[in-house]
Amino acid sequence: MSQLDFSTTLGNAWFPTPIFTASGCASSGKELSQFFDLRDMGAIVTKSIMTKPRAGRATPRMAETPSGMLNSIGLQGPGIDTFLSNDLAWLVEQKARVIVSIAGETAEEFASLARRLRGVAGISALEVNISCPNVENRGMVFACHLESAQTVIEGVRRTIGGDLPIIAKLSPDVTDIVSIARGVIDAGADGLALINTVLGMVINPNTMRPHLGGRTGGLSGPAIRPIAVRAIYQVHEALPKVPILGMGGVSSGADAFELIMAGASGVSVGTASFGNPTAIVKIQNELRQILTVKGFSSLREAVGFAHRPENSVR
Amino acid sequence: MTGINRSAAQLLATIVGNKKVGQYHQILISVGELVSQCKPGNFVAISVGGPNSRMVLRRAFAISRTTTSPQYGGAIELIVAPFGSGSSWLCGLSEGEQIDITLPLGTAFGIPTTSVNALLVGGGYGSAPLFGLAEVLKERGCRVDMLLGASTGSKIYAPLEGKRSVNSLRIFTEDGSMGETGRITAPIAQLVSELQIDVIYSCGPMAMLKAISEILAGGDVVHQCAVEEAMACGIGICMTCVLPVKDESGKINNLRSCIDGPVMDGSAIEWDLVGKTLVL
Amino acid sequence: MSQLDFSTTLGNAWFPTPIFTASGCASSGKELSQFFDLRDMGAIVTKSIMTKPRAGRATPRMAETPSGMLNSIGLQGPGIDTFLSNDLAWLVEQKARVIVSIAGETAEEFASLARRLRGVAGISALEVNISCPNVENRGMVFACHLESAQTVIEGVRRTIGGDLPIIAKLSPDVTDIVSIARGVIDAGADGLALINTVLGMVINPNTMRPHLGGRTGGLSGPAIRPIAVRAIYQVHEALPKVPILGMGGVSSGADAFELIMAGASGVSVGTASFGNPTAIVKIQNELRQILTVKGFSSLREAVGFAHRPENSVR
Amino acid sequence: MTGINRSAAQLLATIVGNKKVGQYHQILISVGELVSQCKPGNFVAISVGGPNSRMVLRRAFAISRTTTSPQYGGAIELIVAPFGSGSSWLCGLSEGEQIDITLPLGTAFGIPTTSVNALLVGGGYGSAPLFGLAEVLKERGCRVDMLLGASTGSKIYAPLEGKRSVNSLRIFTEDGSMGETGRITAPIAQLVSELQIDVIYSCGPMAMLKAISEILAGGDVVHQCAVEEAMACGIGICMTCVLPVKDESGKINNLRSCIDGPVMDGSAIEWDLVGKTLVL
């Protein structure tokens, strides 16, 4: 086991392990630190932060579904000021690696958030969550339309300059994810996060109305893993050099390995941490074991392995 | 804000008892030394359905009481209603089977430092943590009166030994099948003044907690209620379990009931805003 | 229970119960008839039939996934001639109600299939499965593009005349399912079937390559139910008068009821029949029971119930 | 083409035995009168994982043999390798537990009407249905020789009583831990001529079945093999389990191995086209 190079990179950011939290599924890290040392994983991906404090959507905010769940949090959060002074400061103090996720209601909000983060010490990369509604365009999700997705990424790129890697987080709810992926890379993203939740709904049998306060919600968990694997595979096939932070239903090392073979350089764990606070540690250990047993000498060799011709050797 | 569950741990624990009591299951789980960390009001989050389960989320259960025995060491007791698939699975487990649990989670009932007059109000299985609480209050020299209510008698949980630790116990059922007929909230206003109640500890359905808060509104009685919002994680990382709570400055925030609760100050919860969109 | 009117209509076709098989999940009915009387359900929806016999995709054709499965059958079938003389003839002989599903590689193939079915006795409706690749347009799925979807439906409508209801079966793999739904209705469809499978992939940990012979496959089963409910809800909200045949992960009466509340007039059962050959009977009985207990006097009252204002009475 | 499973039924059946034998579990299931419909080669499809299972598909298992006892009436026996999640769940069940099963499914081994010389070849748990078959062939006056093979000794399934119904039994393991060292297919060509074999009955991994077919290619020996393709439904409605099979006119079609198999004519299967796209 000692020989395996388990490290990964996303753009110019280096991480000792390829397992990360998923945005919105680890709050700001403090709560998980009760269960394991945050420095033991790749990085904390923070919940998507917006400019102002936000109360989020009405409850109920969750519904369990077969092998998955729906959530409708609505980006509740403290706003960038409090985030920087409290949450990020604490993470930096802990020496945890951090990827900050940002979200906005307008392309301008994204850019201004990037401006606030530019030069802040202790941030490894920026995840730009464009899978949220664009209030200037009838609430259409940025990531569902090539142009609005590109506008956001261009604005962030221009603001942030060349150093901090920009990872654009895409929604699977599109006809052609490859064209969106290509578009945001052209617009200046260094990498992609795939996939955000799938739009879903549960109707409550008692009230006979949509169960969630927000009516629709995002489907996550093992149920969506085949969709994540497909999206990652398609995008890696089209853009083999673009680093992908994969996510969607990973709850074991074997699941993480599947996303890596599809083309992910790193894997975020979301819903699995709800069911098991030490899921990240378990997944990380299992993945290390699998790579070793399969005879890989580095994680990097396994990335995108499923795309190689049948007879290729390791 | 609590921030983190400082003494929480995750472990594979063994079921050491599972007994049917009325419509509930009294489930005893061996947890070793951790019992000393469990306080009335805390809850436990349990992984349900076994290795091939399609249920990806834990279920939360109030810790009813803790015991220690030479046979199985420290143990916690839960009172579980076999309601849906997760709780029914749990109620179907036998002695000796193992479950993955995280505990103790959340806030505990605040215990007064002086002897006060306390009224404990429990709806359905909500009575479970109140008996353990009653013992602690008794030890502090408090007067402890208790009201239990449910729709029907088989949903009243009132263990014999529990009655010893209270000064009085009245039971209300809506169908009159046990105790007095009617809602548990009916006698509260009168009792508060008759018994000179300083603090009410409540646990039960949200509608009951809300009703108690309304009865107490404007008065001096402290209301510590254990809320029950749907929780995806139970440890503060998902933001599904929020309730609108007013802080000292009067500002309302959505607080996580799993980590800033389940025991909360009933007078600070904005009951009319529960389930509404909050604008900051 | 005797008072409940359990019947439903899709366009001008009437069915005594709202539970149907799902295309491709009941072969041509014969195999299920071993387990229950086909006349006891709404109708058999046949596997999608094409002009010529087709061998389908390479094996492996399936992979089980959490609360679901992927399939990649590739429309294996006997072709329209054999279908009419063997499969359909047998169904008609059994007095089973039949919805024939058709699929084509070109819009012209769809139209010519419709021509062959025009006037054939014993068919209640036509399901037009446009969730298959268009060989004339880079293999793009018809249902993923408004224009190609409309071209198919227009061709079928023109060919078939006015009598036989046309149900267009849509893919959920689109950015905006409502616009596709509206488009095919404008093009002449009488109803919609929602949803076909969601595109997914599984990578085999041993071969470290995509597991399915066809690489990607269609995700079905309970895992996708929240996506189906959402799609049905969205489309029924936009087009409340258009009948919807709902499907996606239904395996109990409660599941069927959920799709009906979202807006489905009928419910197809696919994957559940693989796990339980009598699933259809069970679902039908459970649904009847639920409607009765909830106090509905007809199925029709329950259709789209989740859209009514909170305080509306039954 | 069989079209439908005429005698198939679905039932809740009780486990009446579960014994570990080498790396396998010998599982006995009470199925009543249905035993009389079960023939060597038929299989059963079992719903796995219980009510909260995330496994939506049944698992297929060859019926190893049938018995009838005064205690539990008719019963079928399965030999199950605890491989993945479904089979491991099944192997973990205790006597008295109930499972949802569909049986008998698929084609059976064809039994010759005259006495012939038969060679039975079983790989791993593939030997399971061969012992029951041997008994039937013996009754018909056939000479029955048997070859069993596996990677290692604990994967050889060869019950003592089974050996009585065969004229000879040779065992091959690749690691030499039991019987002769080597592959089960090595001695076949020689045995066929030495023993003047008329028919080979085989059951085991697809690679073994293919190898046997290749050895027999061009000759007169009939090859009845029980194939094992991944099956989603087991009853002919999903088209996942197909194999390329040549019909009498020489045309190759993808036939469903669950309903036109699992027992198929090895010489009609286009082994080189398995896993390839077939063009009609």
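In order of appearance the chains are A, B, C and D, and numbering begins at 1 in each one.
Everything that follows uses one rule, which is that a residue touches a chain if its C-beta (ideal position, glycine included) is under 8 Å from a C-beta of that chain, and two chains touch if they have at least 3 such contacts.
This one's a predicted model, so the numbers in the text were calculated from it and none came from an experiment.
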| task | Return the chain pair with more inter-chain C-beta contacts, choosing between A-B and B-C. | result | A-B
| note | Between chain A and chain C, the Cα-mean centres are separated in Å by 34
| field | Between chain B and chain A, distance of the C-alpha-averaged centres to the nearest whole Å | value | 35
| Centroid spacing, where centroids are CA-atom means, of chain A and chain D in whole angstrom | 47
| message | Residues touching two or more other chains, restricted to chain A: which are they? | response | 66-68, 221-222
| Counting only residues that touch at least 2 other chains, which ones in chain B make the list? | 54-55
| task | Have a look at which chains touch which and call the overall pattern line, ring, star, complete or other. | result | complete
| Contacting residues of chain A [partner chain B, same complex] | 24-27, 30-35, 47, 52-62, 64, 66-69, 71, 73, 76, 213, 221-222, 251, 271-278
| query | In their complex, what parts of chain B are in touch with chain C? | reply | 54
| query | In the complex formed with chain A, which residues of chain B make contact? | reply | 3-6, 8, 10, 47, 54-58, 100, 102, 229-230, 232-233, 235-244, 253-254, 259, 274-280
| field | Contacting residues of chain A [partner chain D, same complex] | value | 66-67, 222
| message | Going by the contact rule set out above, which residues of chain C touch chain A in the complex? | response | 63, 65-68, 70, 144-145, 173-176, 198-203, 205, 208-210, 216-217, 219, 221-227, 229-230, 233, 249, 254, 257-258, 261-262, 290, 294, 305-306, 310
